[in-house]
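First subunit A sits with subunit B, and in the next complex the same chain sits with subunit C.
And then the complex of A and B:
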């Protein structure tokens, strides 16, 4: 960003009215999806905790609705909205290029939202991966469900074209000046969304054709789903670090001290690492060649490299600037951050939750452990640290900056909202710790009735009760945060942009001698935690009184 | 500008290489990977070209 560039909130406030309307429609729809998905998820957690019982069909429907609504429509409507607004702001006053395409994209995504929700409510529940095997007797349900995702993918692709055109039509377009780091990140992010739309066609078009009687049964859908699913892991994390990058600059004035070029390399590395690291999703495939397993296991070690690099850039830049502005040492620069601003609290909590999620993700993706844990409650136990604690918190933090600027409102009760990220994180900690422990002791992932006629260990019920308590706590925090954020969409108070506490560390460059060790130390602690929990996982697995009779030869394990 | 196009071109190279590996080693048995990484490679090649053309 050049020195003469207006602030992010000023650039958003200056967007043309039609772009603001589009953004409000998308943000509003995203928040609606989050509230709906949260409700379905909370009911699911209560069912898993044994507070209330659900018939198996209803339980499967709740799981489907929860996954579809949150994992697809909340995360991707929010991404589309953020991409379009940030691209428009990058363009600085001119607004979106190819605006009609952005609107067509919005209509397609909302149509997909409606189709997916209705088909999940009235059709055979297929879970969020839309596996056609579950709907073999109900092709119409499979067809409509798959069509919903195809519409979402088409909408994301069309909107992304508008984003790319907007980024390329900045005021200095036509010169040899490179894109800004944020502009490049938006460009790469939009490209990645288009590829993911292609992956959704690859995964779901055969299902639609089969439902129409125009193709064979899509027996390969689970494999094709994994390709899309891999992208869907990376996209929200890439979006999260771009959001952190933008928000830290907006809150503190600090941009990367490592230079724009290095930031671009890190953003590009997301795209570089996507295909090579995809193999670990196939570890459950029984026919996967042993050599492919070994290569996939080695490559999976690189899966977190871009996110760790982005984290280090942001934290080291912040620390060096903070120390340059602080006369006392230690952690005084941390205390000087604008902690009364809920955006700051949300970013900090999301970083902590990311570290927790990453620690256990690395335990899970190891080739020897994955088959034992993938169908247990370990999976929802750890991935809510990502989905809720990292990505959702970061997106909501971005909305707390963007929406008041879009609508000219004051943020609603910032002191109350400022407490929500911590409350959500506490709930997640309870949910995650109990869920991960439940996974280690064998609680199945998608089975609501885990009594097994009274044969199940008593510990299972205790752990799942804790899952229900943790889920309720973070659902309360998230609901308050969403309502607070959503009020900025509707309440027009005056020509007021975000006036929450900020610091201005970016006006002067960081001292060359300023230390920046907190980021590397944080990564070191995370790596040590990964090692410890990996050892714990193997020890627990070895200690389980498990006897499996193999299909070929009856080997005991 | 050159750096932007070069980075996206590098993405094309990696994706194209992976698509080729999956295409040329049938025992891997994952034609979907060829389609998606291959289409992605073509897209990023186009985007690198676009970056070059727009800034020229």
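And then the complex of A and C:
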């Protein structure tokens, strides 16, 4: 990005009014989805902790609503909003191209949100994957539920077309390059969304046709879901690193010291590394051949390459510039970062949570330990580090920059909001540690009453109580953060842009000799932790009083 | 210019570090869970307590799973299994003769009547054949059948012995279920898809009560879907 361009907040403030209105509608809907989903999730956590009991049908409904509202509508409405605003800002006052399409996309996504919520409330609870087998006796529930996701997918695809048209149609005139690194990242992100929207048609259209009596029972839905679901894991992660890239530049003035071409290659590599690594979701499938499992495990080792590289690009650029501006040596540059700004705290906590999430995700990609951990509470235990601690925190950090610029407000109580990322992370640590331990000892993932008539180990209840405590702590922190961010949508104070603490390290280039140790050391610690917990899993497997040979399946009809 | 930089800020270093997680392969290989390019044989993972999982080379088997049993055959064999070994208290305790019964049925299923010929050629009557696996020490696994349905298992209580190799065949009858074995420190999870027969050779090494529970949400009765395996010592009548 050119140094001559106005700041991100200035460019957002200069967006045309209709684009600002569209962004406010999308951001507001995303925050509403997050609050609703958080509420459903908190009730689920209390139920799992045994604090309160729910009828089985209500428990499944809460679980469905939690997954649908947070995983689909919060994460994807927020992505659409961020994509559109950042694309508009890339054009420096030009605003969105194909604006009507962006509005059509917004309407489709909000219609999907309403349909999904209502069908989850009144229909047979299908969990967030909408598996038709659970609704075989209630085709209407399957049909409406699937229609909600199709509308969301269509809306995302249409909005993404507007984003791509925006970043391609009026290349930023301040540089000799046709597309900045951020512009290219937005292009790749939008393209990935369109591909995923097509995958959602494969997964959910047959269910709608079956519900209408126009097609056969969608027996293949679980396989199509796995393909879609894998993309849905990595889209938010890709979005997160793009958000970090943009926010670090906004906060410190530092852009990549490695050149925009290198950043573009890394952003594009998501499309190379993510699709072939999807097999690890299917390791427990009885009809998956052993050779496919082995290949799936090996390929999965590469799934984090783009995310780790993007992290290193950002951190090494920041550190090299920080060291160049710091008079004292060592890691004093870290102290010089704008820690009183809640955006900085949120980015730092999200990076730590990402490392924790990756550590345990890499235990699960080994097919030999899948029978120990898949379908247990290990899975929600680790993925909340991603979903809440990494992606949600990063998106909220972006909104703390974007919304005040969009609406001309001052951020609400920044000193209070500044404490929330740490509080959320502490809650996540309790939730994650207890949940992962619960998974190691076999607590099932989606069972509310885990007493099994007194036959279950007593430890299960202790661990799930800790899950409830951790869930409550991070729910409190997240609620305060969401309310703080949402106030910028409604409370107009004046024509004031973000005045939070920042540093200006980007004005001068980094010293050539400046080192950048934080990123590599972080990666090293993470890989060591992966190895330690993988060893724990293998040792637990070996200690079981059971010798097992085989595990695949046979003939199917 | 890149050459003048500190090595930690070079693009090649960042690219290399990006592949850092691939280093986990070493741990996998150490546990025999990943193929080593320089290895002349594949060492199996200790897939459970004690002995490493053996490389299974039986005809028609893929890593211990026999391919080809149809859901209809499973249902028929399952019904015969429960009927034959059911005890008055409702639990099912298979004897070693289940193994030979299985082999016979497989031969007959395949239209291979040489099985009976082979044995009668050796002068064996039905009584001798029913005890062959037990007495001859051929180490044929004993067949077990477990059917998962909404919301339970059939049989819901199995009585097994330590040190005996069992061929556990499982299938879901309606929708996807799990059949997880709670083994004290951890569980062993098996996912069961409808009308797909899963098969594992299992050997319990310690006596105790093993909870079987469903790990895949399967409807409002999911939470109460459970069964039990009572594992006793290897001697008949052994204490748990």
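Everything that follows uses one rule, which is that the second predicted complex is superposed on the first by the 536 of 557 C-alpha atoms of A that agree within 3 Å, B and C clash if a C-alpha of one lies under 4 Å from a C-alpha of the other, contacts with A are read in each partner's own complex, and residues count from 1 in each chain.
Just so we're on the same page, contacts are C-beta pairs under 8 Å (C-beta built on N, C-alpha and C of every residue); 3 or more make two chains touch, one makes a residue touch a chain.
As the structure is a computational prediction, the values presented were derived from the model and not from experiment.
In the model built by aligning both structures on subunit A, subunit B fits alongside subunit C without clashing. When the two complexes are laid over each other on chain A, the CA centres of subunit B and subunit C sit 80 degrees apart as seen from the CA centre of subunit A, to the nearest 10. In the superposition on chain A, A:542 contacts subunit C only, with no contact to subunit B.
By the touch criterion stated above, A:289 is placed in contact with subunit B and with subunit C alike.
By the touch criterion defined above, A:483 reaches neither subunit B nor subunit C.
Look at A:426: by the touch rule set out above, it reaches neither subunit B nor subunit C.
Shared-chain residue A:410: touches no atom of subunit B or subunit C.
Within the superposed three-chain arrangement, the count of touched residues of subunit A is higher for C, of the candidates subunit B and subunit C. By the touch criterion defined above, A:276 reaches subunit B but does not reach subunit C. Touch criterion met: A:515 reaches subunit C, while subunit B stays clear of it.
Of the two partner chains placed by the overlay, only subunit C lies in contact with A:374; subunit B stays clear of it. Superposing the two structures on chain A brings subunit B to within 14 Å of subunit C, judged by their nearest Cα atoms. Counting contacts by the rule stated earlier, residues 287, 289 of subunit A appear in both its interface with subunit B and its interface with subunit C.
Of all residues in subunit B, only 1-4, 7-8, 10-11, 14-15, 18-19, 27-30, 32-33, 35-37, 39-40, 43-44, 47, 50-51, 54-55 touch subunit A in the complex they form. Contact residues on subunit A toward subunit C in their complex (touch as defined above): 56-57, 60, 63, 127, 131, 133-134, 136, 222, 257-258, 262, 284-287, 289-290, 294, 297-298, 301-302, 304-306, 308-309, 312-313, 316-317, 320, 358, 362, 366-368, 370-376, 440-442, 444-450, 452-453, 455-457, 510, 512-517, 519-520, 523-524, 526-527, 530-531, 534-535, 538, 540-557. By the touch criterion given at the top, residues 164, 168, 173-179, 184, 187-188, 191, 194-195, 198-199, 202-203, 220, 223-224, 227-228, 261, 264-265, 268, 271-272, 274-276, 278, 282, 287, 289, 292 of subunit A touch subunit B in their complex. Chain contact summary for the complex, subunit C toward subunit A: residues 1, 4-6, 8-9, 11, 13-15, 17-28, 31, 33-35, 45-51, 53-54, 56, 61-71, 175-176, 178, 180-206, 208-209, 211, 213-224, 226, 228.
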